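Each chain gets a letter, A, B, C, D and E, in the order it is written, and its residues are counted from 1.
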Amino acid sequence: PARAADKVTFGTNWVAQAEHGGFYQALADGTYAKYGLNVTILPGGPQANNRLLLPVGKIDFYMGGNMLQSISSVVEDIPTQVVAALFQKDPQVLIAHPDVTEFEQLKTRTLFISKEGLASYYQWLVDAYGFSEDQVKPYTFNAAPFLVDKNSAMQGYITSEPYAIEQQGGFKPTLFLLADYGFQTYATTIETRNELVKQNPDLVQRFVDASIIGWYNYLYGDNAKANALIKQDNPEITDAMIAFSIAKMKEYGIVDSGDTATLGIGAMTDARMKGFYDTMVKAKVLEPGIDYAKSYTLQFVNKGVGKELAPK
Amino acid sequence: MSTSPLRWLLPLGVLAALVLAWALVVKLNNLPPYVLPAPGVVLETLVEDRAVLFASMLVTLRTTVIALALAVAGGVALALLFASARIVEFSLFPIAVILQVTPVIAVAPLMLIYLSTDAAVLLCAWIVAFFPVLSNTTLGLNSVDPNLRDLFRLSGATRWQTLAQLKLPTALPYFLGGLRIAGGLALIGAVVGEIAAGSAGQGSGLAFRIVESAYRLNIPRLFAALLLISLTGILIYAVLSLLSWLVLRRWHESELGGRT
Amino acid sequence: MSAVARESVTRPAADGAPLLRLSGVGKRFANAVTALDGLDMEVRAGEFVSLLGPSGCGKSTALRLIAGLTEPSEGRLEWDENEKDRRASEPHSIGFVFQEPTLMPWASVFGNVHLPLKLAGVGRREAEPSILEALELVGLSAFRDAYPRELSGGMKMRVSIARALVTKPRLLLMDEPFAALDEITRFKLNNDLLEVWRRLRCTIVFVTHSVFESVYLSSRILVFRARPGRVSAELVIDPNQPRDETFRTSPEYAGLCRETSLALARAMDAP
Amino acid sequence: MSTSPLRWLLPLGVLAALVLAWALVVKLNNLPPYVLPAPGVVLETLVEDRAVLFASMLVTLRTTVIALALAVAGGVALALLFASARIVEFSLFPIAVILQVTPVIAVAPLMLIYLSTDAAVLLCAWIVAFFPVLSNTTLGLNSVDPNLRDLFRLSGATRWQTLAQLKLPTALPYFLGGLRIAGGLALIGAVVGEIAAGSAGQGSGLAFRIVESAYRLNIPRLFAALLLISLTGILIYAVLSLLSWLVLRRWHESELGGRT
Amino acid sequence: MSAVARESVTRPAADGAPLLRLSGVGKRFANAVTALDGLDMEVRAGEFVSLLGPSGCGKSTALRLIAGLTEPSEGRLEWDENEKDRRASEPHSIGFVFQEPTLMPWASVFGNVHLPLKLAGVGRREAEPSILEALELVGLSAFRDAYPRELSGGMKMRVSIARALVTKPRLLLMDEPFAALDEITRFKLNNDLLEVWRRLRCTIVFVTHSVFESVYLSSRILVFRARPGRVSAELVIDPNQPRDETFRTSPEYAGLCRETSLALARAMDAP
């Protein structure tokens, strides 16, 4: 195409890592360029600062964490919405020492949970499984307290904390992926401004499509260039970590599972969103009566884009 | 320090002007509340959520006051130790500096291994607040009038007497200056400590309210919490200034204000 | 009425046991100023010695050396053995009036005068009579609750004098205590000081710039010369001589004053 | 301040003792490195990762120094403004207090809307550091010898002359005391700012190394970064103390140390 | 050799135009101490007035009132119209010696003496001759680079005197400038001051405790009484009377001193 590529900025919510692989893949292998996009990826940091940059127009797309935050945006009247959900399952896990085998056993353990976790999924654990706030100690993104206290468990991302624990603790922890126990939010979404959806749906569509193709290629194709780019943005990361993350994403079907078989990566459905919202209302994480449907649109996904790239 | 009503009206006026400017900026630029909420909206939120917010403020204030008290105790005790001999000061000051510059936010997780959350928060606030007390008090203790020191020596004053009756009064204006700095620092120390130690859930301080509000993108509530912190800070400062005035007004230049 | 006056640097002790002897004492400051050099002098028990000399000749430095507030750079300072023991057991037995008032700005006049007693462990209640007596002596009873910054220059100095007297010390070192006072107050305090001296049988080393005052008060006058500071003349006055208005107007007094003035003038001319 | 070698050897000795105690604690309790790494391990890591860590240290140091310079400029300028009239001081001090007690960690995300990451980090460090300079300098400016003030008035000194030649020299010891407090605070301000503003990836400061190491449970490296921060802090303190000594040694009690 | 001495509170101006008149001036401090009450006095151009009086009677306060350093609580202080204009155009025309040395601890002796010139915009280079001359006068040339804390009490005071003289002021207010000096230095400075006074034709208001000094120096002596502080006697001395050693030993001088002493004694006895 002869026209100049559109400049867009995509903000992530953490430093570059394999969990952002698909986006780096699309950038590295020229998929974005092919779709007429000149993309800049702006890595986030320990605090989700890039998030507010979206509504004020400093960035065009933002990598959202989970749907709870997107529904909060509706409550606060922030004009943004989710246009694609790259992770079918939230990678949030509870990590326990190897002696724990059953999810129910966690109820008697000390749990290291972050402030954000306590304000969100933990309320659901209280409601659905009878966990209690009294067993919680704060998690500050450092696994040492968990390693020291044999009678504890901690929160984490399936793709990262278990690796550090295996390396430093020298044992394989038991992992409970919350998604597998009923925490059915989408994760690693693409959010954008409502106004962009209305005024330039074509741009949004191109970005969503290219990102989905990027994810297929990252998981199933040659991801060397993407990993090089990730390492450039974050020199701390090692090949072993990346390999671990990709393996876990595949093993637990984080990206490609369930609806994606028919609808392709990035899929979202009204039914699942309704189910999630109702569960959260029941757990008192969210208020009843929120027009949660305003938090997302199915306009750009479920088109089976890139499905052919998945292994048969 | 005049007792005229201007003494109180002017600062209030300036604050009012500031709030007005804030309101105007929001109005004229038509800023949405998630970028900068108007003062009215913040106030509304404050009134609406007063139960939760004030409870949190009390928690934070409690931590602050205890941390400040401990900072005073620790800072003054260390300063006294330092004042006992220059060699002690040289030897131990580096450790005090290390304590000061250690970023609590980074070591809080390590503290949590051995301490309860509350104790860790307190320790964070203490670490931040103790240094100004120590530093200013040490400076004050070293600024004793040499003639008075000689007088004490001649009168056979014990170490302890010289300390209590000469060095401490001399250091008082410096100490009180350090205390005013430490007051605000204890407050932000408490907030940072709460954030760093990740204290959360019910019965937690303003920091959790801020993080929670940020997570929910409830920016007016975040500002309401910030407002409470500012008010707490001003309150602490005012109390410490009053204390300083009460103690020094009869003899120290800084509180006499050039009266003739 | 007999007053003996002799000039000599090495005059032996006339009466009283030697309390303290400075031999060949020098004092050099960090900035290389030599305040004293080869200072020889003696203080005898029960004596009233005045130090007289030009400004900057080292009188205050000598007084500080005697008080033990600074160490000599060379030479020796020897105390009588008994005195040494006594001072160890009674650390409050020295009274010092600094050249500057040196009051604690945070304490009232009462508090400032109380200080040496307080340091000796005497409580407020118990010390009150002595403090009031000392304040009465210097004429400041009405100002017991004032703070130093509310006093005139002379009043501050009088507080300082009261503070030195309140412990009834056995050795009194005074650095120009009356310089800031009017003549009438000064004369009164001169007499009061002599009275105290006689009553307590204490030893007084007294720095002054007034020849008249030194002659009126002392049993011995040491005239200092400057750069290097040392004793250039010594005058002895009969200690049994009654000191009163009659003495002040007597020809002996005038003669002694003239002699002292001459010694001072010679000390200033010395190379 | 004596120039004897003890002056330097003793603090080093105390530090060495501290490190030894640390090593012993690790050894005797058989602590795993993710709880408390032995000093040797930390040192090894420091040497191994020196390229990355020193680069980060330079970034943080740069922020600290700039923030400190701005804190001095801002703090002194404000103090001068306050000193111009008591009424100004009363009116504006509450605003300074608000600035001091605003928890940067909470407002940093908001700053980022309008500022670049670097500017936001700098602002965080500045906010934390300026208050001690302001507070101590104000105290100093108010402590002028009243007789000297009268002398200046009589000599027809202009406002500006009184400021430059009387008030500033009087305030100097207080200011330098505030500066020593601010030095350490600028450093932790820079670290906290880096964390709060989420500066990350390449070319970022020590805070990022700490967060990153903690997240990866690479605790020896976390300690190596902390060690660098402590060393930076001591360095800053030593430089500021030296400055203070050079400026005050000829006339102020606090640096004469009772020399006779 | 004729010296006129009269005692009266309301004596009209003898010579010189009135420069300044204080009428019914009172000064009450915040702590309710009344330092001055109903003070009437005049200072005439070119005059050398001494203020004499008991310690704490308000002399320093009166001097500060004249300098404009403090405001009267009651009464008026009127300046001659011409003088007012002149002072507005030359703010540096007052020299003041405080009762305490009041030196800047951070500046050397040279820097301290330089101060008033510096404030008037005279640079170091340009001011150097005047500064050295002033230091020479007070005998401190050798100490130009010393810091105040390295000086003796008398030396500090002399620096303060040099600082007041260095601008060659037209009005010189001095608060016991020579109290801390030995008699020989004092006599020398007395003569130097008279010389300066004659040369500059300036007006001097001089606080002293020495009756001898006041008689030797002044053309008029105001004797103060205390609580309330006010003028209780005035003595006039022929300004044409040469002041030298002859005068100091003359019977007129002795008579004047006696008379002044009596006036002072009466002032102190006043209820």
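By our rule, a contact is a pair of C-beta atoms (placed from the backbone, for glycine too) under 8 Å apart; a residue touches a chain by one contact, two chains touch by 3 or more.
The shown structure was predicted, so the numbers you read here are calculated from the model rather than taken from an experiment.
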Each chain counted as touching chain C and chain D at once: B, E
Maximum centroid distance from chain E, chain identifier (CA atoms): A
Which of A-D and D-E has more C-beta contact pairs: A-D
Centroid distance [mean C-alpha coordinates] between chain E and chain B, Å: 50
Distance from the mean Cα position of chain C to that of chain A, given in whole angstrom: 88
Centre distance in Å when chain C and chain E are each reduced to the mean of their C-alpha atoms: 29
For chain D, residues that touch 2 or more chains besides their own: 35, 109-110, 113, 145, 195, 211, 214, 252, 256, 260
Of all residues in chain C, the ones touching two or more other chains: 64, 69, 100
Multi-chain contact residues (two or more partners), chain A: 52, 56, 140-142, 144, 148
In the complex with chain C, residue positions of chain E that touch it: 29, 31, 33, 52-56, 60, 99-100, 146, 150-155, 158, 175-176, 179-186, 209-211, 261, 264-265, 268
Complex interface listing, chain B residues touching chain A: 32-35, 108-110, 112-113, 117, 196-202, 208, 211-212, 215-219
Sites on chain E touched by chain D in the complex: 64, 67-69, 91-92, 94, 96, 98, 100, 102, 104-106, 115-116, 118-120, 147-149, 167
List of chain B residues in touch with chain D within their complex: 1-2, 6-7, 10-11, 13-15, 18, 35-36, 86-87, 90-95, 97-98, 100-107, 109-110, 113, 128, 131-132, 135-136, 139, 142-146, 149, 173-174, 177-178, 180-181, 184-185, 187-188, 191-192, 195, 207, 210-211, 214, 222, 225-226, 229-230, 232-234, 236-237, 252-258, 260
Of chain A, residues touching chain D in the complex: 15-16, 43-49, 52-53, 56, 58, 140-144, 147-148, 160, 164-165, 167-169, 232-236, 241
